[in-house]
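Input: one structure, supplied below.
Chain nomenclature is as follows: A, B, C and D, assigned in order of appearance, with residue numbering initiated at 1 for each chain independently.
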């Protein structure tokens, strides 16, 4: 019952919010917050409860639609609800003066509702239905801003339709073969399916998940969509929506097929998982270095979303305890810090009047200290600096790769991290450090309502970094569910027999080294602030506008790598689209406009029918 | 080029038709349902003209549709020619006296003949459509011969509608009395007399008026 | 020769139909095309009548007693033809009125020039 | 007294009455259609138990007179016709302002009567007559605007349509020559005794499919459709697309399933359907300017999908086809109606003129979006349910060719998504370029909302609600569609029901 209540509140709340917006804006805002808060509370209530419940019967296909809750779906559901709540809170201030707010809140809540629907659905048809609802409602919000966002939205929706149709094919084919769509039933039937059929199911369904998760050759929609959406929604997009791909992959690979079958899927030495690994590695490296050459704050984050997806993939394709844990944990971590970073980018955009080009910014540390700390912690998490949550998950993934004898993959992962370090630093430096441009002299700190989600997320990043045991316990429950070996955990990390990671030790180590560094700095001479003109222009006057702020960061490196980063995939799709248009235009010419020809078509058809009937 | 292609296509169709017609020999007796009508037609409908009994009784619904189609054509003409400038009316030259008198003389006779045709539809060859067409030709004559004496279109419209309504209402009365739409609820009378065959003469009168009015209306529209 | 005399009606009516179709396919004048359509109509009507015909048959009207019902032709096709003739007339009237109006707009009846709607 | 014949007789009577009423004529179609709607809803439970055979003209048993067959299929389609017809006629009260309005309303009612007759009749020649009623009134209505394009398309439609109807008539004549009867059940009975290899039957089938295909818009025969749909008044486009071509499809299904039961021929029908689908959707994608033309091409595509589903020739296939038929009728008439007033307000059929209309006409844009989503087949709208049933029918049939076709259907869905989302983004996300451009008529201030009049808004909102309702609760319609599909498959039962009563 509680699952149905959750769905009803989620969808109904969206509609009620919309209607409330027609009455007054304040009521709408309050309702939106209340609805998302209620979802968080309700979902926390079903922690560790296994429910499975029919809620609807489709008459003509003779199908029962089922809702269910298990550790996997709870894990994703709580992420969705949490980020949903925070982004709504953030929007209250961020979206204040924008137009069409009823529409905005409605769609945001609606997307959250449909995402919740996908994770708590217990059969493939309702999974698909919620998935599709999620796709089109996301489209409605991506394009919300107009301008460049329109093209981005179209790109997104077309790719996502392609993906979901592939999934539809799989689902219907499973249905017509086994006569059911219940996940657990299909899982038991699939144990006896032939290898060819299994491969068909796996490859076709992963097409859709690869698209939504933006892995390398199919990533092209993501950077545009994330960069052009409004910031609170960008954080929802890249924190949770994109990760539905991981959920789907996990569902099909481990819940439906299971390890036994996956291990059998070898064609020669190429196995299904090795292909996925390759995709993951390419995604990591490619995305990291593309992010490096971006100049747009949200685009950097968007590319990093693409790249971090690769780590998750590398984690979960190796069905070892540590790999799986690392992958899943990375999903959670990435969601926390990327949401935080998008909030940061949004706050800056909000205060500077929509500036996203980081070359025009600088020195904001003095004006927006809270935002800076949030950004610093977020970027540290992204890079994986110890004491942030990213460190633990990345550590687990590296460990898996190294212990599993995959030197190339590990190397790719490291290279990706170097790239991450570089663009992370660029992000921080260009926005917060360096010279403060004249026009931003009087900028204010982000409003309190926007600070609140940022602070919450910042704290969480650190908290999960120091006490990784809390989320890890949930994750090991997921692994138990699909009969994978769970990773033993302690509150501070991983016990000795499983590989030993104790964040308390790390904490002390870092505290001590910090203390030493602090001592060293105390001893060293104090820095002397000098006028900038002194060093730049030898004392002569230079107009402030001509100041050379931090542009062309990493210029030599960028020049070196840019030629290799041409987005071939994107160009390829563009050409396909153009070709299709051209073909369509040619086909349209069948309707020539002269009625004599039309009559000819009719007689031709008749003659053709008679011809084939006579002679065949 | 186009001609050659058309010829080829038509040739193929022609071959098909030739094959098809093998099993339908010409002039042989292959009537099935029709035989029933011929043998039982007078008994069942009271009309000696079997074609009429088929048109108005056995397949009366077709005829209703047919009347409707003519009605549609008249309406459609009105729609298509709506708003066209009436230019030529003034420039018409009055007809010569001989023509004028002749028209006026013939006009009632033609109407009478038409009425005869449709009233006797169940007895002799002919019927509502034929009679209506004859009536319309009378109007055509009057339009051509004496352009001043045009009858207003309003009346045509009313006649049309009334004719159609009579048909439908007769059908509905048949439904209530006889249990079937268009059933022959009036007494059948003695075959081969004028007042026989139940509702058939009534329907044919309605059809006759309607068709006459519609065709005349179409002619009017076209001439205008 | 026997074949010809046996099937002269079929040949006639399908001749009309094919001539009509040929006109519609190849001619470019709208009025000619309408005439072609009328040809097809007439051919089809003739075909219907031909199908119901019995060699040496009479009209199915018992206008006087003593007529042999065996030799009467099929009444149904005649009733059908009555209907199709009316349909043909209606289509013809509509087509002509459309042609009149079309001429007003385009100033031509050449179907190769009346092709603003395409693709 | 609830005889299905009233479904035809009452509208016919009303339409004869309409020209007498001058100004009041515009209220005649809604009244008549409301009557039909209520009557067919009342007939539904009765028909679900046992089809009603109605005899006409003296009540002689079939095959000796014309009979109507109120089977679930017939009543389903009659219900659809009266529903869509009713809503469109309410819309037309405000929409049709110029021209010979009382003639318009009469012709409109006659068109719907013709469509109802087609789906109810059990006699092949009667079907032809009603077909002509439908066609001729639509020729006239397409030209209703009296502009260049309307007339041109009407002429083209008329030429193609009359060739098509001549072909149907030849087919009827051939069948009559073979069997001496016109009753469909009787013919079907004869055909099942007759050897199926007879070339006459093949040729007759070819003529039938070609003839009905012209109205049913299967691929090479549908050249009239984009012209006629794009230049007719929007109400007529809605009816043509929602009802008229459906009757053509119905006729094809009736002929192939009941009359000839040509099982071996079905894969060919499916192929035609797929080709129609592809050509239609691709042309729609290519058509970037004229929105009504784009919708017309999309209608072609959808018809292709329906015909493909009929060609699957299993129960599931027919079910999907009928379901899709219903959904498409609702959605496409919704789209044409919504775009009708948009075009009127903007003063142009150009797609680019629609930019930013979402703000000016919020409700119309919303319902347009719902209709478009339903056509693409996105849940939770009605189109999704039917599309999924067609796809599952195609896969269930266990045939490699059909599997390939299903993949083509999915591909066509992507194309559909492309062009519909193109419109949706024009409506909502693009800013209107030139304020003066958006306001040709009515002198509307540009910033203000200029929603449709309320009488036009109500029908399209009802249509949108229906689409959502069917999408969420498909049981609303699936019951009757299921028995309709069973009825269409069951040829023997059909023959038995009709011929067995004497």
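Definition applied: a contact is a pair of C-beta atoms (placed from the backbone, for glycine too) under 8 Å apart; a residue touches a chain by one contact, two chains touch by 3 or more.
Everything numeric in this text was worked out from a predicted model, so none of it was measured.
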Chain nearest the global centroid, as defined over all protein CA atoms shown: D
Farthest chain (mean CA position) relative to chain A: B
Selected pair, greater C-beta contact count between C-D and A-C: C-D
Distance between the centres, which are taken as Cα means, of chain C and chain A, whole angstrom: 69
Distance between chain centroids, defined by C-alpha means - chain C, chain D (Å): 29
Separation of mean Cα positions, chain B and chain A [Å, integer]: 74
Geometric centre distance via CA averages, chain D-chain B, whole Å: 31
Two or more partner chains touched - positions in chain B: 2, 6, 9-10, 13, 16-17, 19, 21, 24, 31, 33-34, 37, 59, 62, 65-66, 69, 72-73, 76-77, 80
Residue list for chain D, restricted to those that touch at least two other chains: 125, 129, 132, 136, 139-140, 143, 146, 151, 154-156, 159, 163, 177, 180, 182, 199, 202-203, 206, 226-227, 283, 286-287
Residues of chain C engaged with two or more neighbouring chains: 21, 24-26, 33, 51, 74, 76, 80, 83, 87, 90-91, 94, 98, 101, 115-117, 119
Touching residues (chain side chain A, partner chain B) in the complex: 596, 600, 603-604, 606-607, 610-611, 613-614
Residue numbers on chain D that touch chain B, as the complex places them: 1, 3, 5-6, 9, 12-13, 15-20, 54-60, 63-66, 99-100, 103-104, 106-107, 110, 113, 117, 125-126, 129-130, 132-133, 136-137, 139-141, 143-144, 146, 151, 154, 174, 177-183, 186, 198-200, 202-204, 206
Chain D to chain C touching residues, read off their complex: 125, 129, 132, 136, 139-140, 143, 146-149, 151-156, 158-159, 162-163, 165-166, 169-170, 173, 176-177, 180, 182, 226-227, 230-231, 283, 286-287
For the chain B and chain A complex, residues of the former touching the latter: 2, 5-6, 9-10, 12-13, 15-16, 19
Residues of chain D touching chain A in the complex: 155-156, 159-160, 163-164, 167, 199, 202-203, 205-207, 209-210, 213-214, 220-221, 223-224, 226-227, 268, 279, 282-283, 285-287, 297, 319, 323, 373, 376, 378-380, 384-385, 388-389, 391-392, 395-396, 406-407, 410, 413-415, 417-418, 421-422, 425, 428-431, 474-475, 478-479, 481-482
